[in-house]
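Next come two complexes built around subunit A: one with subunit B, the other with subunit C.
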Partner chain A sequence: MTSDNLLERLQPIFRDVLDQPSLTITTESSGHNVEGWDSLAHINLVSAIEQEFKIRFALGELQDLKNVGDMIELMRAKIGK
Partner chain B sequence: MEAEKFSVTAVASSNTPESQFTLDVLLRKRRSLRRELLQNPNLIDLRIAILGGSTTNEFAEFLEILLLAEGFRCEFYQSEYGKYFEDAVFETSRLSEFKPDIVHVHTSSLNIRSFPPVSATEADFQSAIASELSRFETIWQALTSKLNCQIVQNNFELPPHRVLGNLDATSLGGRSHFIAQLNLEFARKSRDIRQLLIHDLHALAASLGDDRWFDPQRWFSYKIPITAEANLAMARSLTSMVRAIYGRSRKCLVLDLDNTLWGGVIGDDGPDNIVIGRETPVAEAYTAFQEYCLALRERGILLAVCSKNDESIARQGFQHPDSVLKLNHFSAFVANWEPKHENLIRIAKQLNIGLNSLVFVDDNPAERAIVAAQLPIVAVPDVGSDVTLFPQRIEGGRYFETVALSAEDIRRADAYADNARRDAFQSQFRDYGEYLDSLKMTAEIDAFKPAYLERITQLTNKTNQFNLTTKRYTQAEIQSIASSSEYVTLYGRLSDSFGDHGLVSVIIGRIDGAELHLDLWLMSCRVLKRGMESAMLDKLTSLAKESGIGTLRGYYYRTPKNEMVRGHYKEMGFECISDEAESSVWKLHLDGKYVNRNNHISVSGNDQR
Partner chain C sequence: MLFNSFQFIFWFWPVVCIGFYLLCSANNRQGAKVWLLMLSLVFYGWTRLSNLLVLIPSILFNYFLSRKIVVHKDAKQRKLYLWLALAPNILYLCTFKYANAVFGTHWEFPLGLSFFTVTQVMYLVDCFEGLTPPNSLLDHSLFVSFFPYIAAGPLTRSRIIVRQFDSAGNRDRAADIARGLFVFAIGLVKKVIFADSFRRLADAGFLQPTNLSTLEAWIISVAFTLEIYFDFSGYSDMAIGIALSLGFEIPENFNSPFRAQSVIEFWQRWHMTLSNFITTYLYTPIVRSFKKVTLATASVATITAMLIAGIWHGAGWNFAIWGLLHGVALSVNHYWKKSKRRMPSLLAWAATFVFVNITLVFFRAPDVVSAVSIVKEMIPNPNLLSITAIRAKVRGVELEVMLLPLLIGTILAFWGKNSGELRRTFAPTTRSSLAVASLILVALLFMNSNIAQEFVYFAF
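Showing the complex of A and B:
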């Protein structure tokens, strides 16, 4: 799955979890520039992504991520291709 | 309750929260769901304080949605992470300002402070129990003295690691053992303290299993010790307790008949041919479901029938000798050809309860779908069509949760009588006869009856060991034998203090002048060495004498499997006429000297002798 595809599939998850139907995320999106993406929302996002893609983020993997782009790279490694 | 009409998910044959608010939906959509559900104009306000031993936000958000769907608009107070004790004991004024209706002490085995050391003595163990218990008693004391609220206290799940292995459950230093004892102490306290209810985390975690319950990574990352799935299970369970606290548990189980309470279609197959009893795996499964329904009735849940059938035929199903449920167990009985949703309204009126008290169980997805659509406030669990799963599907809905059993709930003492019988069972006996007597065996031995012909045919075709001639019969043959005056037939059913073994023995005797040729004598191996064969022979002898028979003639035909009955006729007092390698012939004169052989089984039949 390409990075673009992943971004496309993440889009509705972010919209649902943050309850912002018109939200557009980019690889540059992060807790700093997306409204409502606080630490609690972060747990919800991670749980929803893990559930949707049937993957698990390992302990510590998430703390170094700067933005959605980093998350996508990490997900690509897990999903394989 | 109106909440259901706000549901976002269209569900075909079920309308339950379990089917609408799945983990997928709740993880993604809970904020928009919350907005939608809050539109319901008939919500009841509820204030819940969650005093958590872990991070409780996810749990609270799940709980909020589930309670909204049940018609409760909740406001939450959540203690800071792990501050359940401090909040209850030292911040009571803040709590009382919040005015909670319910305080949920949301702790788990992670919050236990004083596990005994592995080397614990009895004294160490007792002191650890006392110390842990007193910590929680302090909490309950503070809450009950200062707040007028219901306390819902989690008990403890088994720990994720059992370092002592199996010994963990028995050793004084075992954590599992400690938790078991602590849970008993909590149970005792909840019986003493009126405001204290125990939320059974122990059972909940066990039903999901360690792997689906614990999530150490979420614990280290967010201080949530369990999976999202486990949090949802806990929220569902707590929702059912809240419903019970507010008297909103359901009261009546409405049951379809054909392929729900018995196998087959009674109108087509006939009342004698419905599948129920102990004779086949499928029959046993329907019997088990009937027993489950009866257990619900015994704890106060009303039972009702809603079936598409002619009422007179439908009622006959409960006169089947193997039906556990009898007509008098049903508080309402509606069988006709009207749509089921109309009949459910009739049933609710008849019982003078709300439609929101009904749970409707039907194996037919089309019937479920129409009821779920027409009457969304009736609970329609997706029970599927496999009777073995019906009880767990119904249990999954937690419809009948209650906070206490009232005297009316426990209407029948029968269940206790059964237990008393079992208690009387001893484990030591002077001899085998005394053991047999202790079983309190009763048998029903009689000529073939229509209801049993299928089972009899089946036994003739599958019994190999205790089978003297191994003669196989078709059902048509059995039917014609049953109605012929040239045969003496017998079936035997056996019950004992542990349960009903069903129909276990068959004899077919062919009349030839003053002789009766025993074409078939078989018995199921599950009742070997009970003396059932003696009881059968006693009855056979008396029936034969009545028919003017002077001699019984028995045959043994050897097969690779029936060696065990080679000496059967000898043991029964028959005289050997011929004995060859592959067969033997025996006879017994019935010249008035026959003495009954059975001493241990109490026998009944339609025509008592």
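Showing the complex of A and C:
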């Protein structure tokens, strides 16, 4: 599972959770530059990603998911297992 | 020991650095860590030796329990040990925090207990989730008691700092010391010049909060807001600078909070390490415990989490109210965002600042009654613009001396670059070294003329 692959699969999740059908995220996307991505949206995003990819993020990992790039890196490590 | 004291600046800090770097150069990593630990314990026990009797049991207990947690592979048993570990920590904190209120005693609150309880809670949960192996006794002791952050944070996670124990002190030491001094100087000036000036103004008003004009009520409210900002962010800067001078990176705590245009944004800029802890370890588990994550369940989680954050600060109803107000405001903020309504940014900024001010009145006032009376006086009333009450309470000469720091402080708080931004663009040049030297000199002059004031956050 490559990073680009994962980024592609994350697009519909972000669009759905943030309710922005025209949103396109990049690895640089974060709570600072994406409208509506606050703590509440973050929880929903994490849940949706966990369900879609059948992985689990630890509480202590949530702080490290600062941007999409970090998320993808962590996801790759988990999906690989 | 205070960072803003001559003994810290002129003997403790140099001694720590010299000893640490000598031991690193001799490739004695173990010795370097023991050195830091010993001096951290000296630092911690300096003002009251008995504080060590509170710190050391906490370190030992959590060291042993964290090992018990990871030994068990069965999920149920692991969880059991996690709670067996967490409960005493929380009880320990609550006992010291609320004993006085409940039993009418007058015990002094042990320095840093609120903070090193939180950092160890995060460590225990990390161990439980398998994110970190349990610390060795030396690593754990140093992680908990590390003197830059033990007194009042920034709350630093074990896995962020422990790996640095084995690697710090080996990169460009001159650059680290230069940058560390720079950040420390900023913090020192914030604390000794600005915070102390605003404190005098705020104290004058809060001591006798009746019969204030609208203007005066606002002046003392804003004065306290700026006092606590300069005090706490100044302390955090000093902590970060000292850690940096030893080659350690610890997290930032503030990011120009008065630029915030919403309460949600405010908490992304104020006491960031606490806010991260609340979001990750309180809010998230609470919200996930509901079947469905909706705005309503998120609001319950937010209000609960902020209420806990409020009473974490102290046993008074005023702290609970402070927490509750912020919890409600955050929830309202989320509903507003969902509704996609828009507010002009100036109005949003003003509303946020006014709200923060009002809640801080509850934080500062000795009780709820006086807090309410001050907030009432902040509403425009017939006694609008008089400043006679304040003038009477702050003696003439003092006010003149304070005026310049008050003015400069206000401008910097709203429009200046913050210490994090300054740190990132810092370069050791002749100009910047003269600037740092001047800052420290002026701060020392101010320090010499006042008895060193403790930090507001030492009380929590």
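The rule is simple: the second predicted complex is superposed on the first by the 80 of 81 C-alpha atoms of A that agree within 3 Å, B and C clash if a C-alpha of one lies under 4 Å from a C-alpha of the other, contacts with A are read in each partner's own complex, and residues count from 1 in each chain.
As a convention for this text, contacts are C-beta pairs under 8 Å (C-beta built on N, C-alpha and C of every residue); 3 or more make two chains touch, one makes a residue touch a chain.
Nothing here was measured: the structure is a model prediction, and the numbers come from that model.
Q: In the overlay, answer first, second, both or neither for which of subunit B and subunit C A:L59 touches.
A: A:L59: touches subunit B and subunit C.
Q: Determine, under the contact definition given at the top, whether A:T26 touches first (subunit B), second (subunit C), both, or neither.
A: After superposing on A, A:T26 lies clear of both subunit B and subunit C.
Q: First (subunit B), second (subunit C), both or neither: which does A:D38 touch?
A: The answer is second: A:D38 touches subunit C but not subunit B.
Q: For A:T2, decide between first (touching subunit B), second (touching subunit C), both and neither.
A: A:T2: touches no partner chain.
Q: For A:Q51, using the defined touch cut-off, is the partner it touches subunit B, subunit C, both, or neither? Pick first, second, both or neither.
A: Once the two structures are laid over each other on A, A:Q51 reaches subunit B alone.
Q: List the residues of subunit A that touch subunit B in one complex and subunit C in the other.
A: 40, 43-44, 47, 58-59, 62
Q: Mind pulling up the subunit A residues that touch subunit B in the complex?
A: Of all residues in subunit A, those touching subunit B are 13, 16-19, 40, 43-44, 47-48, 51-52, 56, 58-59, 62.
Q: State the interface residues of subunit C toward subunit A in the complex, per the touch definition above.
A: Spelled out, the residues of subunit C in touch with subunit A are 122, 125-126, 129-131, 157, 264, 268, 276, 279-281, 283-285, 287-288, 293, 295, 298, 334, 337.
Q: Going by the contact rule set out above, which residues of subunit B touch subunit A in the complex?
A: Interface residues on the subunit B side: 23-24, 27-29, 31-32, 35, 57-58, 61, 217, 220-222, 224, 228.
Q: Which stretch or stretches of subunit A touch subunit C in the complex?
A: Counting only subunit A, the residues touching subunit C are 31, 36, 38-40, 43-44, 47, 58-63.
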